[in-house]
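Each of the two complexes below includes chain A, the first together with chain B, the second together with chain C.
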Partner chain A sequence: MTGASPAPDAAGLGRARAAGFLVPSMVLILLFLVVPAAWTIYLGVTNYRLTGLAAANPEIVGLDNYTRALTDERFRTSLLLTLQFVLGSAVIGQAGLGFAIAFALRDRRGPLRRVVEAFILLSWILPSSVVAFLWIALLDRDAGTLNGLLGTPGMAWLLDHPMLSIIIFNTWRGTAFSMMLYAAALENVPRSHLETARLAGASTWQQLRDVVFPRIRGHVLTNLLLISLWTFNDFTPFLITAGGPEQRSEVLAVYVYKVALSGGELGFGAAISFIMLLINLVIALIYLRMLGRRKERA
Partner chain B sequence: MSAITLRELTKVYPNGVRALDALDLEIADGEFFALLGPSGCGKTTLLRTIAGLELASGGTVRIGERAVTNLPPGQRDVAMVFQDYALFPHMTVRDNIAYPLRIKKVGKAARQDKAAATADELGLSTLLDRRPGQLSGGQQQRVALARAMACHPKVFLLDEPLSNLDARLRLEARTFLKRLQRELGVTTVFVTHDQAEALALADRIAVMEGGRIRQVGTPTEVFRRPANTFVAGFIGSTPMNLVPARVDGDALALAGVRLPVPEDARGQLADGETVVYGVRPEYLDYSPEPVPEALTGQVAVVENLGSFSLVSLDVPAEDDTATSVQVVVPEGREPDPGDTGWVVPRPGRSLVYRDGELVGGATAPPVPAPRTGVGAEA
Partner chain C sequence: MSTVTTTADGTGTADRSRAAVRHLLARVGRYVFLCLVLAFFALPLLWLATAPFDDTPTIGTSLPDFTLDNFRTLLDNPYAMTSLVNSVWLAGGTAVLVVTFAALAAYALSRVRVPGRDALLYGLLLLSSIVTGTATMVPLFELAFRLHLIDSRLGVILILTGGLLPAAIFILKDFMDATPTSYEESARVFGASPLQIMRHIVVPVVRPGLATVGVWAVANVWGNFLVPFLLLRGPDKAPAAVIMYTLYTEGGQADLRLLSTFSLLYSLPVALMFVFVSSRYGFRFHGGIKR
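Our next item is the complex of A and B:
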């Protein structure tokens, strides 16, 4: 090395000043992300409670909380419901419907497209508490809009079909994101490629399979990764069904809330939270691996 | 038989743009046909309407014996090569070429054999397992051609086939394309904005402007006898000289001199009429000495173009403004700027335009007789 330059980096900052820029964000991440996560892991191995004796003197109970969770019927039901919720409302509902709308509108410009987009976006930007109220009003047994429209007075949608209700609700709520993402992705599919397929006589389905999906595979995976994680951790169903009736719509986020805050078992709740974290990690790793394989092939 | 017949073909876009205006055209079986014009003239719309990618607003399209005006593109038995080649990046060359056969439900072994055979014809055998991203521009073009050929369509449609290649490759590809078309003998229509490309490749050319066809003819016809001043200005690497003139008895008065009325226009001009005199720079002979029946002026610019130079002379116009006349001068005989020169039109090569249309121009040339494909060895 000849005359080591003080700033070998592109911005010309030098090591010390570059570190100076990083420190504040690092401190914040440490404080609000790493410490609580470590705290959760610690809580998960204690019998810490919100109130009572164990709140004052928590004891280490080892993996008891984890074995209890994994053998708990209510936890396993809740996990199953969460998977239904993710598959039904995110993967099939939001991604499927979002893609279908984006594909149907791909060549449209003008008022129709803008109106559809505006309505779908509206469902996305309204606050959770507001839309929860709207949906309760829609599905209410006595004075609900849906019963009025269908002529089925007294039909208790939220009691008879709680999972279906929150799946449709969450599909409605989140389709905007997928639609916008796919609309942008479809812009990347060259017209000439679709037209080549059309000239060969390809049906719409064949065009999707041979031209569109190979081209937007990365977008699809990114979309599925994001909405799966968001939906997995979504708490809004609580605002509509509160997990009921009889825990029939108690997804994991709701279950943790009930166990830890209503039930006061913070240690047990922390253990379940950590299991959720691990499941999220597995979902993320699966998608990232698929994305990685795509890059290798390209 | 796969001639293409267009009758009163009209395309109006939803925004009101009339891209094709009641267009009549016949393209003979086996013909290599160029659609030429500036951008926005409707040539690409016409090609896409033949393909079925755009639906006609009016009129009819026939391919061979079949009326295809309202058929979807997949049922017209045409293949198109796009400007960007539109190769599928996730498929190998083999799968790309076999793709139309796959859609037509040809068995895997059969379509791969066909793809290999077609690739072989185009010198792509060694590239079958590559992906399009690993190929050069010229190779990509040949893969796109192979994909078009593989299912033996009745008509090939090429959109700006040479414009994505660099200059040197373009000449190579031009020769290759012309040879290929001759060997296959398939009716081929291509779109270009490059008049040199159209002249070099096509059996016949349709020159388009504003959704209409301004002239249809062989390259020789459109080059030598442009039917109107638009075509005259568009065809040729140097545009035709168009000089305002006035009929004066049996002569034309222009640029301060009197020239005899060109043969074709004789007897069709009224005395005192204002017309436009047209002659190509290639059909003018430059002389440094005064000669009779010549235009004269001062040399303004000399542009060296290799084996010849393009010389611009400032000549006085009828209305006392200066106008410029260009002449091609062979190498070694270039004048210097500021010299006075004389240019003589070659006999039978000058034209007269009245209101933009050729006077005494031949009527529309007949459609050539159908030509069947000739074998590679022919």
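Our next item is the complex of A and C:
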């Protein structure tokens, strides 16, 4: 990925000018990626607030915000809900469904495949505030299409099953990525191997376990780490349930918004932000290490 | 002896017919599965296709009594059309900055041995994947406040550009690495300056890469809700993503005529862009690019 360049300085750029070419990008990256990350650490140890006394003179309160977070029932619940959200919608939902669809479509050509793929991709590319409303309409208690189809009028999905609703929503929203990745991965599985296994009487499950999976293990890991990272940082649940009712679908992304920006507790919110950054860092480091190892082997 | 052969033949036929039945069942199962998948993914989208054209749109999906009158509500609402213009400004501004800055940086990194280049690229990629808008909304808000970028479109553009640049540099460096340097060398022999070479030789050669990054940046900003939601105060500067949200959360009964036509109009550009890209270049897979 960062291999040797094809040739040395062909245009006679020189180091000074090359550095000049880098400046605009580096300034913006420094200002809006590095500084916020560093600042989170500082803000997280203060009692900074959006309004009031602590807004004018924030004080250093050490690790108070962190001990408060770890003992806070609402934070721990939110962490658990986030875990459910990531496991349910990314690992099981998107990866599972994405693989199943890619496998079912692997040797299909023609209109059915194109139509299925088109709808899946459409659900992925439409703006999030539009799809959020489409799902609110679909799940509407009184006149929603889902209740009409199931014959369950008056079923308030978003109030009675808020977590399940956003998990299924996010599965719908993000399966396209996993489907495309697994479709590309399945191209690497020689068709003759599958054919041989099938003629030897292997069931679909056995074919998957013995022939397909060993060849796409790397893709599976890549896929799981990336979609976990994205789902963990997804703010779209806010657009559908806003964390409610009674914080029952308040994943960390929504929690930090409510505490810090609606509630004005910037210091405490920054501490939560820093915990989120650490979780992101762990996932990303595992991912990059894996990429590096695969490159070494290649 | 002959009995044995018959038995063997018999089981063989039974096996084969059992295998045929299993094969048929598998085919039917796969077909049913794909139809269910299609229904699952199409169902929420149907409303977007029917409601805007329905005489009396409801929250449910039904065959419309066809009309185009609903689109007039877009003109009556003071924020609907301006928010789309705002979205164009944000997406266009960010895409221009991302493409320009990333091209300069990627070219420098591709052609000149900057010390620590690989570590730098590696670090940038790591940074951009962990420092997400969600995880850093608190310091971003603070930073924007200190830099007087609250309620400023420029602030939104700069913050979004910062977030997209690392991946853009990465993609473009791959494109630059793949282009031969012989044109640049001969242009240099004829006395062209580095910026001239950049403009007249490098840019035309890597144009597909620039287009990819531009389209990708536009798609990202067009749908982005969080950053403008955090930083822009009034509805006059808000992009379509934010106005869409306020249309269905604020002010009692939502106007479904407005909501449905606005959703459709706001979705159309990304859908068209997607159709254009996939018909022109084929929808090739670039893993890990969409954030």
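As a convention for this text, the second predicted complex is superposed on the first by the 256 of 298 C-alpha atoms of A that agree within 3 Å, B and C clash if a C-alpha of one lies under 4 Å from a C-alpha of the other, contacts with A are read in each partner's own complex, and residues count from 1 in each chain.
In this section, a contact is a pair of C-beta atoms (placed from the backbone, for glycine too) under 8 Å apart; a residue touches a chain by one contact, two chains touch by 3 or more.
Since this is a predicted model, take the numbers as computed values, not measurements.
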Which of chain B and chain C A:66 touches, first, second, both or neither: neither
First (chain B), second (chain C), both or neither touched by A:210: first
Chain B versus chain C as contact partner of A:190, first or second or both or neither: first
Superposed model, chain A: greater residue contact from chain B or chain C: C
Contacts of A:121 with chain B and chain C, given as first, second, both or neither: second
Shared chain A contacts, counted only where both chain B and chain C touch the same residue: 201
Contact footprint of chain A on chain C as seen in their complex: 19, 26, 30, 33-34, 37-38, 40-48, 58-61, 97, 100-102, 104-105, 107-114, 117-118, 121-122, 124-143, 158-159, 161-163, 165-166, 169-170, 173-174, 177-182, 184-185, 187-188, 194, 197-198, 202, 219, 222-223, 225-226, 230, 240-242, 244-245, 248, 259, 263, 266-267, 270-271, 274, 283, 285, 287-288, 290-291
Complex contacts: residues of chain A adjacent to chain C: 1-3, 5-15, 17-19, 21-22, 24-26, 28-29, 31-37, 39-40, 43, 97, 100-101, 104-105, 112, 115-116, 119-138, 140, 142-146, 148-149, 172, 175, 177, 180-181, 184, 201, 204, 222, 226, 229-230, 233-236, 239, 253, 256-257, 260-261, 266, 269-270, 273, 276-277, 280-281, 284-285, 287-288
For the chain B and chain A complex, residues of the former touching the latter: 51-53, 72-75, 78-80, 82-84, 86, 88-90, 99-100, 103-104, 147, 151
Chain A residues within the chain B interface of the complex: 190, 192-193, 195-202, 206, 210-211, 214-215, 297-298
